[in-house]
Structure formats: C-alpha cells, structure tokens
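Below you'll find the structure, written out as structure tokens, and then a few comments.
Chain nomenclature is as follows: A, B, C and D, assigned in order of appearance, with residue numbering initiated at 1 for each chain independently.
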Amino acid sequence: MANDPKHEDLATATSHLTGEKINRFTHIHQNTSDLVKKVKLLRLLGQKTGACFQRCVGMDSLNALSIVTFEMDQKLGTEYYKRFTEYLKYVQGNDLVCCGAMTDPKGDRSLRPSQQADPDLYLRIVEQRGDGIVVRGSKVHQTGAVNSHEIIAMPTRTMQKEDKDYAVSFAVPSDAEGVIYIYGRQSCDSRKLEGVEIDLGNPRYGGQEAMIVFDDVFVPWERVFMAGESEFAWPLVNVFSSYHRQSYGGCKAGVGDVLVGAAATIAEYNGVAGASHIRDKLVEMNHLNETIYACGIACSTEGYKTPSGTYLVNILLSNICKQNVTRFPYEIVRLAEDIAGGLMATLPSEKDFKNTEIGNYINKYLKGTKEVPTESRLRMLRLIENLSMGLGAIGYQVESMHGAGSPQAQRIMIEREVNLDFKKKLAKTIAGP
Amino acid sequence: MANDPKHEDLATATSHLTGEKINRFTHIHQNTSDLVKKVKLLRLLGQKTGACFQRCVGMDSLNALSIVTFEMDQKLGTEYYKRFTEYLKYVQGNDLVCCGAMTDPKGDRSLRPSQQADPDLYLRIVEQRGDGIVVRGSKVHQTGAVNSHEIIAMPTRTMQKEDKDYAVSFAVPSDAEGVIYIYGRQSCDSRKLEGVEIDLGNPRYGGQEAMIVFDDVFVPWERVFMAGESEFAWPLVNVFSSYHRQSYGGCKAGVGDVLVGAAATIAEYNGVAGASHIRDKLVEMNHLNETIYACGIACSTEGYKTPSGTYLVNILLSNICKQNVTRFPYEIVRLAEDIAGGLMATLPSEKDFKNTEIGNYINKYLKGTKEVPTESRLRMLRLIENLSMGLGAIGYQVESMHGAGSPQAQRIMIEREVNLDFKKKLAKTIAGP
Amino acid sequence: MANDPKHEDLATATSHLTGEKINRFTHIHQNTSDLVKKVKLLRLLGQKTGACFQRCVGMDSLNALSIVTFEMDQKLGTEYYKRFTEYLKYVQGNDLVCCGAMTDPKGDRSLRPSQQADPDLYLRIVEQRGDGIVVRGSKVHQTGAVNSHEIIAMPTRTMQKEDKDYAVSFAVPSDAEGVIYIYGRQSCDSRKLEGVEIDLGNPRYGGQEAMIVFDDVFVPWERVFMAGESEFAWPLVNVFSSYHRQSYGGCKAGVGDVLVGAAATIAEYNGVAGASHIRDKLVEMNHLNETIYACGIACSTEGYKTPSGTYLVNILLSNICKQNVTRFPYEIVRLAEDIAGGLMATLPSEKDFKNTEIGNYINKYLKGTKEVPTESRLRMLRLIENLSMGLGAIGYQVESMHGAGSPQAQRIMIEREVNLDFKKKLAKTIAGP
Amino acid sequence: MANDPKHEDLATATSHLTGEKINRFTHIHQNTSDLVKKVKLLRLLGQKTGACFQRCVGMDSLNALSIVTFEMDQKLGTEYYKRFTEYLKYVQGNDLVCCGAMTDPKGDRSLRPSQQADPDLYLRIVEQRGDGIVVRGSKVHQTGAVNSHEIIAMPTRTMQKEDKDYAVSFAVPSDAEGVIYIYGRQSCDSRKLEGVEIDLGNPRYGGQEAMIVFDDVFVPWERVFMAGESEFAWPLVNVFSSYHRQSYGGCKAGVGDVLVGAAATIAEYNGVAGASHIRDKLVEMNHLNETIYACGIACSTEGYKTPSGTYLVNILLSNICKQNVTRFPYEIVRLAEDIAGGLMATLPSEKDFKNTEIGNYINKYLKGTKEVPTESRLRMLRLIENLSMGLGAIGYQVESMHGAGSPQAQRIMIEREVNLDFKKKLAKTIAGP
C-alpha cells in the first residue's frame, strides 16, 4: 500500500530526518495529524487483512525510543538519542520491518527480575564488553517476529536499582547469532499445511507468534539504547504501551469491520437480514466497534509534543481505548456467533465438500438462500470461525486482551492518570463545606 | 466565565459575521477546533455546576439552522439563511440565551402529525398572514426554557407532504404573547422551597424543564426559518440532533467528574479509600466517563465543513457518543451508590441535623473518620443523592437517556450511517468467492 | 393477606411450637417448602405493593436467632435458645411486626468497634446488671422501624475478643425507654404532605428508614440473646444475611413485576407497544427479573436442616441471588426509563393538572393514544418516576444494593463458599499431570 | 458412573415402566426431584469431562415424546404413546445412547418448509407405505451422533397444514440403511490425529458434531411417533426445547467449574493467585456460573406434572436459564483468558516441548513459580485454550449460544410465557385509575 498512490497519504510520510518519503510504519510522529493517520492506516489495514499485520509494534517501539533516549541524554548526558537516530535512518532508508520485543517470560510474577529462581527469566545483560554487550533471556508472544528484519528489545516493567542488568534496550538483525525462534502453536494452525483454502477462513492473511530466545547474543554499542539505566525502564514501557494501546483503536476497529461485514453477509445468505433482532445486533456490533475507533482518534488528537519533538498520544485516553478493546471485541464476536448460527462450528471440511460423493450432500443440504452458492456460505462461516475461535481469534481476541498490556495494566494507568484530587475538589466545591 | 480571562479561550469566540468577541454559546463553528472547544467548554461547565447548564441546546439550534437554512435557500431560492443571519447577529450582539425547542408532545406515536386525533399535538402553522405566521401547539421537555431570552422552535421529526403545516421553524422572544410555560415537577424539587441547603445536595446549580404552550402565537416573517418545506424537516432534526449528541460527550463527562469526585470523597470520609474494590470501582467510573468524553472529542475532530461554511460533527460518531451516554451514566451512578453506602438514602434531614436535641445524636452517630465533620459527610451524601435520584438525576440520567433523542433514534442513525455494503465487501474479499 | 383464605397457603403457617396457625412472617422454617413459600409470599407482596413491605427483616432475624442461639447453648451451655423460644411464642401469638436491627453506624470503617474514636459507634453493652443489660449506640437504615412493634438487635460484623461488649443481641418493644427514632429524609418524601395523590406515583404503599438511637436502654435478661459471646457474632450475621439475601429474590422480583407492568402500560399509552425494540426491552426486563427470582427459588430448594431443626438456605446461592439484585434492578430501571420517554421527568404537577386553566393545556397536550385519559398516563409515569428516582427507588435500588449487605459482602461470601480447591482438582485431572 | 455406587443416586433411576434400575439418561421424570437430579447429574458430568457428554439430548427427546405422544393419542385417538412406550422399554433395557435429532438445515430461513426451492431442506416423509414411512432430508449439528445407538428425529419448528409431510418424528438405529454421517470439522480437531496429548488440552474427553443425511430411509410404523399431525410439531419442539434449555443449567455449570478451576490453577502457577483483581475475577466467574446453575435448579423445582404423568420443567424459567447460558459462558471465558495471560495463545507445540534441543529452552523460559513443572503449566494453558477457542469451545460457547435454540428463540418464549397483562394490571392497581 505504501506504493499505491491511492493510499499514499496514510501509508507514507516524510522523514523528519532526511526529508525523504518513507513508509509511515517507520515514521516518527511530528504532529497530532500523524497520530490520527496512524490510527486510520491501521483501521484500513485491518479492513484489508482481517488480521493482525504486525508492523505497528515496530513503529511504536521507534517512537517510544525517540522520546525516551532523548530524555535519557538530557538527564544523564548519554548518547543514546544520537545512536538511535542513526539507527532510525537505516530503518527508514530500507523500510525495515521491526519486531518490538517487550514481554519477558516473567516466571513467578510475584517476584522481581533479580529475585527469580532462574536469573534469565527476564532478558538481561550478562556481559559488558568494550565493543558492546552480551544479552541472555527470552521475549515471548512476539507477534510477527519471524517475518521481521529487525528485533528491537525493550524492558517489560519498572526496574529498581538491583534489577539494573535487566534495564536493557537494543536492536539486532533478526538473524543475529544466538537469536532463536520457537514458533507458537495456535488454534487451527495446522490447517495451513493441509493444502486447503476454504477451511482457513482467511486464506491469505494471518499472523503468528513466536518466543525469541537470546542465547548469549552480542550487540554492538551503536545498537544499544539502554544498558543499566533502571530509572528509564518504566518511562520506556509507559510510552511504548501508550502508543501501542492507541494502535488497537485502529487495527481492531478494522478487523471489527470485517467481522461486522461477515455477520451481515451470513445473515443475508441465511435469509434473515431483515429480521429486527438481527439488524439490532449488527447495530450493536457497529456501535461497539466505532466506540473503540473513537477512543483511538481521541487519544491521537489530544496528543502532545514531547521535548524530543516526537508527538505522544494522550496517555489517559489511550489506556481508555485499550481497556475498551479488552471487552468489546469479545462481545462483537459473541454477537457474530449469534447471527452466524451453529453451522459455523459444525460445518463439514473442505475436503469433504470437494469430494464428489459427500460433496453433493453438503452442497444440497447446506444451501442457504437460492441465489447464493453453498461454497460462498461455507467460506463466510469459516471466516467467522477464523475470527471467533480460529487463527484470527488470537489476534482479535487474545491479543485484544493482552497485547500492549493486560487489562489490569490499563486500570493501573487510568488510576494514575486521572486526577482524583481535582475531582474531589469539584465535588466539595459543589456540595459546600 | 465568558468574562473570565482564564476561560476566554473556551468560553468566547470571534464572530464570523462581525469579527466581535462573542460568547461561544452564540458562535457558529468555523473549524473542527471550534467543535472540540465546545466539548471542552461543556465538560468544564459540567465540572463547575454538577448540573445541566442549558445553553448548549440554543447553540446547537443556531448551528443547525445555519446549515439547513443555507441548504434551503440553495435549493428553493428562499431567503431563510439571510433572515437567520440577521437574527444571529442580534443573538450574538446581546449574548442571548436561546431555548432550542424541538420535542412535540406527539400524542399517539404510531400516528403521523396530521393523523392525530387532535391536530395540535405537533406544533403547527394555523394561519399564514402577510406579516407572518400564527402557530399553535406545544413543545415539551424544554430544558432551561424559563431562563431563556429566546425560543427557537424546530420540527421534531421527518415530515411528509401532508404534514407540511408542521414543518415550521422560527424564533420568538420568550415572553411573546401566547407563550405559556408549565413548569415540570421533578424529584425533590420542593426542597428548594424549604429554606434548606444541605438537603439540596447541589445548593447553587440545577436545571428545570417546562412544557411550552404556543397558544396561537404570532411570528413575524423575519423570524420564520421554515414554513411548510416538509422535505427540510428531517435535515434540520438530523443536524441539530447530531450536534446535540456531541454535546453530551462534554457536559455529561463534566458532571461525571463531579460524581467520581463525590464517590472518592465519601470513600475517604468512610475510611475505605484504600480498599481495592473501592479503588477498582473508581477506576471503572473514570473509564466509562472518559469513554464518553473520547467519543465527544472524536466526533468533533472528525467533523467537516458544510456548504454553508459551518462545521458539522461526524454524524456517525456523535450518535455513537450519545448511545454510550444512554448507558454509562447509569452504571456510574450505580457504582457511586455502591461506594456511598446505604446512608445516602436513609440520612436524616437538615432540619433535624440543625435541631439542637436531635442534631446531637446525628452529629455523634453519623460521624465517619475522625478528621471529617459530620456535616461534610452529610453534604457529600446529599450530592450523591442529588445525582442519583434527586434533581440532578434528571439531568444526569433521564436527559442522558432521552435528550437529543432516545436510544433507538441513535440506533437508527448508526444503522444508516454505517456502510454495511462496504463491510460486506471487505468480508467477501477476504473469505474468497 | 394472612386473613384472606385465598392467600392462606403462602401468608400463614403452622407454628412448630404451638401448632397454631400463625402469620408466616413469624414462622420458623421447618423444611425447604417453607423457604420456597417465603420467596413466593414476598414476590406476591411486592406485586401488590410495588414497595418494600418491611416484615421480612423480622422474620429473618427470628430464624437466624433460632439457629445461632441453639448453637450457642450447645457449645457454651447457655440458655439463649430457651429464652428465644419463649420470646418467639410471644411474637407468634400476637403477630408482632419485628424490626431486625443489624447495621451500626460504623464510623471509620477501617477501624474495629473497640478502636473507634467514639466507643458508641457500634451498639454495645455499657452495663451488666443482675436483672439485665444496659445498651448504648445506634442502628441505622432501619427499614420499617417506626411501624414495628418490636426491635431485635444483632451485631453487624465479626467481633474479636476485645470487641466483646459489642457482641450483643436482644429484643425490646419499640417504645422502650431510651429508644429514639430519627426519621430518614428521602427523595420526594415531602410530596406525601402535600395532599396530592397522582404525584406520589404509588399513593398507598411505601416504606421509610429511620436511625434508631439506644440512649442507655435497659433490656431484661429474658430478652437478651447474646451478651459478650464474640465468636458467635459472625455466625449470627452470616445466617441472618443469608436469609435476607434470599428474601430479595422474592420481594424485588415482585416489585420488578410492577415496573415491567408499568413500562408495558406506558408503551401502550404512547402507542408504541408493538415496536420491536420496545418488545425486546420488555423481554430483557422480564429476563433479568426472573433470573433474580430463579436464584431466590434455588437457594431455597437447596436449603438444609440445621441442628436446631430450622431450615437454612443454601448460603452460596443466596449470595448469588443478592449479588444479582445489586445489578439487575438498576438495569430494569434504566430500561423502564428508556421505554417511558422523557416525560416521566418533566411532567407538570398534579396541582397544575387539577387547576382549571393550566389543567386544560396539560390535558390537551399530554394526551397519548386517544382511548386513554391523560390522567391515567400521568399516573403511570409517576409510578415509574417513583421506582426510578422517587420514594420507591430507595427500596428498589439503594436497598437492592446495600440491604442485606453491600455487593462486596456477597463477593467475600462467594469466595468463601465456593470450593476453589475442588475446582482446581477438576481442572488438573482433566488437563493431566 | 451409572455402575458406580457412589453416583448411583444421580446416575440411575427406577423405571416407571418396569421397576428396573436404569441409567438416568433413559428415565422419564416422575417428580421434580428427578428434574433436579438430572441437573445435578449433568453438572457432575461436566465437572468430570470438561466437555459436552452428549446424552442429555436423547433423554430430553424421550421425555418430550412421552408427553406429546400422550397428548396426541388423547386428542386424535392415535397409538403413538403406546408405540413410544414399547420403544422406551427397549431403550431402557439396553441402556441405549440416543441422539435427539431436531435441527433441519432450513435453507432460506425466511421461507417455510414447503416453500423452499429444494423440498428436502427440512426432513420429510416422501412415501407412506403399509409397513412404514420413507423419509428424506437432513439433520444438522447432531452432537454425539456418531457415538449413538439410536437416532430420534423430531420436527424443528411450527408446522402448518401445508407442511404436514414435515411433521414427522421417529426412531431408527444409527446404522439404518440410508443414514449417512458427515463429520463436522472443528477448531483444532486435527490435533487428535497428531499423536499428541498436551496440545489437546482435554486429552480424554470431547465431543463432535455431524450432519446426518437421511437418504430415503425406511422407518417401520412401530418406530414412528408423528406422521403428518402438523399441529403437534410445535408442542414437541417446545417441550423438547424446554427440557434441553434446563439441561444447560447443569452441564455448562459443570464445564464452568472446570474453567474456573483452570483459571485459579494458572493464576497460582503464575504466582498471582493472591492479587486482588485476580481473586475478584474468579469470584465473578463463579458468580456467573452459579447463576446459571440456580436457574437450572429453579426451573426444575418449579416443574409440574403433565397429563401423561411425566414431569415437565417450568417453561419460563428454563428459557431464562438458557438465555443466561447464551451470555455468561462467554464472559467466563473472557475472564479466564484475562487471568491466563497471553501465553495461552502463543505457547509452542508439544512436539517442540518434547524435542530435546528446543524443549530445553521451553522448559527453562516458560517456567512459572518454582514448585510447578513447566509441563503442568503448559497443560493448564492448553486446557484453557481448549475451552476458549479449541474443541471445547464448540461445546462451551457455540453450543451454549445455539444449542436448544438460539437466543432469539428463548426471547420469543419469554415474551409468550410472561403474563404481561397481569403485570400491567398490577401497575394500574398501584398507580390508581
């Protein structure tokens, strides 16, 4: 799309470093309009793919590093921002897909990184050398890892002094020595290996997750963006998460559009598109979907300029956005399953459908309205299955829940960002002494 | 506030007609920034008053008329826009409070205006004269009517040819001959007459509703903005409603802030502010409240310029906004009642509290944490009562439900504004043939 | 009703002590059928009154005391059960209305009774004498207190050794010396003093709450059922609460029936009874209302015999019942307000309606469908107002929230009563080692 | 279990025909206690299997036929009940698993059976012979079909006179000539063929659905229970559905117990079992799960004796039960996914885990708390995956939605069963004339 003039406005941008036209996914937001365009681009891509398309995480990592490395240099006199800027030029110039690697395995979650039985349960620096650092550990749930050019690692949580080896951020090529990918096994994944198409529901698009193991990987200093500055671990997490919580206001609304469309289509194929309860459920699906989008837009237009020049979203509203994303897609799916009917879960396989003898029975008995070929109905049901319990459900549901932080993470941020004292004062002023 | 330099940016604007500084409530939106400022102004006023402050309806009427009278003139060669512009100058120059009068009594809702047993159940033109028109009928639920300078009447629904006498819009001074106000009786209203303060909950601010009867009221032509053009009844309703559904994304969020603050305060007074379930409920209240606000912002920034030059909100998103307003304030109230404890509904009266003998018992036994005077606790509970079942509840709940159109009206608009065919195409493209 | 043969089966019972026919409200449950009949009686009374009718709390107190005094005697060798039985005969023989007084003011809720700044913030024994005890303190939110014959006091929470003066239960006539009532001021209460009927919404029925002050009240030993046995405070609270949480599965379903009926009636009066969204909302109201009732029935039929012979409800399910009651009536009200239209909150007063001049306008313009007198419409709207924000709302909403314990109290009990270890074992057995 | 003395009370019953001890799944309910035991048996089996165990549908078919064939004979003078009784003895005597086959493919749902383009889209009689009937058509979504001994077919909807060939009910052995099964392809089904165990989540239990084609199947008269009596199609659907909606109050609560247990276990494995938000989510899961169960119990104890002697559930409450089942399991799953963390959807495969080289990394990095083997954690996550998006999700979610009728079917029944006129009268009596 970045090469399609029709989508140029959303899919490309002008680099603030080089003045070159670049893929927006490598762009640093220069104003709130950039933030809004990001959301619209993500919605558009969600509409086209009906899936997670994986590039926002790299974009969010780059923008977060642009803010936090700048702050680090300001405060600590380091050179991280300069290094990062050079790296960014390289990424922009080559339109590289970056995997933003944040989530550590975490082991026993009641313990801090340095308290774990196995010290490697959070990614850490095991050696500092003259030419760089050596890191060991793992990052899990890495969406799009296996189709990325670069991996950008960041810490996953607040770090204290004693955790300083864990306060580490860097970039490595995805095929760097010692980087190992273990592919996640997901609902219905093996259908991809069966040589079928209908059964996939979404035959062309989809995602995957992998866990990445860093088995003593060397990173040269020019690719290191944090190395022990534990007080900056949290700001980096916070800024990245805020961007990434905004992202979901776009992409999930786009995928939601596809699911709304699929539900409306199957209703038509079933001959019930005019039923008032069906229409009302479609309205509800749209209502929830647009609420997500509205939050994505609002946290963008209410964004602001940070000292680095990079525009950041409104943190409170991006958390509001994501919190809604942990709820509404589930209800949208529930309504889609309601509209679809039980057939979405009891449908015979594509191979049976294409088998001459069995296929005739399926073709005859699973016909909906007379204008619609049985195959079209099967395809639409499989698409709904894909998003409600198949491969697409990982992106549309589990990722909506846990991506960019689990629901409780947003609640903590909402509590912090809301000025409760101000509101208490409002109430006291009105109620009287 | 319009005279307070601190609030100048939000509370005032520059007239596009005269270049004069005017009260924003009389302003015609010239860009999306104006739309956003409107939402922020309304939130601010909600925070200051904890009540409906009644001026948005006039603002929304003026903006709606600026769009629709322009369209009428373009299409019909009439002079409504010119008339309206003259009137607007008068309103702006004198900072007049306008009551936007839309809702007719409607009688039997299964019948159209001209089918009603009593033809006056929708406001109508009973006579056209050389110098103007004579109108008869009523407008109900008129928030702020009795403290307005002007009444701006508009039709309440789609009109067909046979209903053309009902397609009428005009402005009259609120004390015009034949205009009669019948004050609504509302929950706890008579407490205002008791000479008490604490029992009011919100002793300084509040609203009222009245039904207005037009008992053969004469309106000169220069104040008539529609007179029989039935095909423009719906556009006027639609544009006005879209603006007014946006409004609620501001004012209700502001009142919500007050209720959040009141709940947080009473939790503190009760000694339970640190309890995890209380904190979580406050997070939920804030989450819902900010979701409303986010929708208000989003429908504003996604607004667009109409042929008249006036900026209109994004109609889909303003309907999304209002639909959330028909739900979330109710849940916010429920959570506030949960946090407040039963005392909010069993509290003795202010007169008992101030009675020497009885007051001692109340003072002793209704004390919360030791730092807080019993009276402060009583006041805060009465404020919560005010918003959950007292006078404030009419604005914060019933108005949230029915103001700017009942929930079903938004659902109809969501169905219309969402492009379902486009979404069906998305799904078909992804699923395959 | 207890004297009406039509309702004999539900409204009366046979005393297990005397074999006499008694009012069921004074009966001790002898089997699960008694528990079910209680729920059905409460639903019936809710249907007839549309209000809280206040006698269940006494019934629940008597049953709770019958269980716990028996246990105390078994374990401590006391004579409380014998005393209680004598008292019960007196109550049954005279069909006395008993007010079950549990909730103390509690002061700073983060402190235990004996830690409060003022030791009287929980009701306590201030003197033990040869002939009885002297108590001081207060009980708040006492529903029906001013129309009761007897007050039965019980502790409000777990007590520890150091709180033993607060572990006190007893009965006194409601006019005992030193007992003072301070009447609660509630939403719309003063309409009762205006000589009107329509404006009340529910002109014949309603409740009130009072705080009771025990200003050094003497209680003879034969009326004392606990005096210092702190380890039995919690069992008494728990058993009483379990019964009382069951009660709401009956009474609130009955009031819900009235509100469903009112919403259905006003829809008819407005001419929209056939609209699919209205019908669907009525279905939803009924669905929620019957879910409450189903929980009331289930916790009754799953009840069991205690060592005292008294049947107790299933504690887990009665907490489930009440937890639903803290949610569903609010949603039922929201839907009723949706169906009613804004008029329920903007309606002119009865006095205006009955005024000749003004009344004509109201009569003309507030007419719904032509068959229905305007007054009937006004009455129905006032009934909905009564239950959604007027006097009835205290019983139907705030009491649903906090009566028999606030929502968090039920959640604590659900956590305790559910056997999580058992469920973990189920999961482990299925998942494998 | 029917042979395990420990479960004898629930899993067996005494035949009212023969006095023999029989499997409860073949029993005709003789009292409300039988109805309650059914619910408890289903919950128990859900707890043991974490899956749909498929026998309730046969039980519900038998009970429904016992009622409706009796009514038919009473009204029409037919001999269906006698035939049915003979058949029942055979089923009871041999403890046969019966598949209750109701749902037809339905084609274009806006058309009646006889209006479809293809007359076979509803199962129908194509020939009446001296010795029996010949049927053609299909039944879809047949849970447990391939592991049943018998198929009991029933009509799926109201039939009118012109649809009388479609008003047909009968039983055939599952291997009768012309009966063809086409197996449904479901989420993650092929994992069963991979020789793995952990990846299955629930390695021992599960269900399947098939569509059954009746390719001109002959049924002898003694196995025919309806043949053209179109006015009895709806009663049979209604009675069967009522029973089957009750069933879900048991089985889904049992499966819910497993999911609650799995969520509690994974929280413990992750080291977060004590976090207040985790505990609160577990309470919510239990609350919703027990609400379902309470409705299952209530519709049973409120059951009644039909003229045939068979006890039927309370129809309103069984619809309430099922309506909650179309909602709460989805929310329970959502909460389980929240508690589980993203790993449930990004976990590597069992084969990778068991591979020496890769397995070491997985073992090291996916360890939770130190006491728990990584494999146990993997197993628990796979169980949650199974129920939220794998094979178990079909039973726990899609079946909860559509089994025993889609949500709208229950809403129609709730509307019919609730006496709205009675409730309107209640409201009118209270509000006054």
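Operating definition for what follows: a contact is a pair of C-beta atoms (placed from the backbone, for glycine too) under 8 Å apart; a residue touches a chain by one contact, two chains touch by 3 or more.
Small disclaimer: the values here were computed from a predicted structure and weren't measured.
Taking the options B-D, B-C or A-B in turn, the interface that duplicates C-D in more than half of its contact pairs by residue number is A-B. Using the mean of the Cα atoms as each chain's centre, the chain most removed from chain B is D.
Of the two interfaces, A-C and A-D, the higher number of touching C-beta pairs belongs to A-D. Centre-to-centre separation between chain A and chain C, using Cα means, comes to 49 Å. Chain A and chain D have Cα centroids separated by 37 Å.
Under the contact definition stated at the top, the residues of chain B that touch 2 or more other chains are 277, 280, 411. If each chain is drawn as a node and touching chains are joined, the picture has every node linked to every other. Residues of chain C touching chain B in their complex: 103, 105-111, 117-118, 120-121, 137-138, 140-141, 180, 182-188, 190-191, 194, 199, 209-211, 213, 215, 270-272, 274-275, 277, 326-327, 330-331, 334, 337-338, 341-350, 352, 358, 361-362, 364-370, 385, 388-390, 393-394, 397-399, 401-403, 406-408, 411. By the touch criterion given at the top, residues 276-277, 280 of chain D touch chain B in their complex.
Across the complex, chain D is touched by residues 36, 47-50, 197-198, 201-205, 257-262, 264-265, 268, 279-280, 282-283, 286-287, 290-291, 293-295, 297-299, 301-302, 316-317, 320-321, 323-324, 375-376, 379-380, 382-383, 411, 414-415, 418, 420, 422-433 of chain C.
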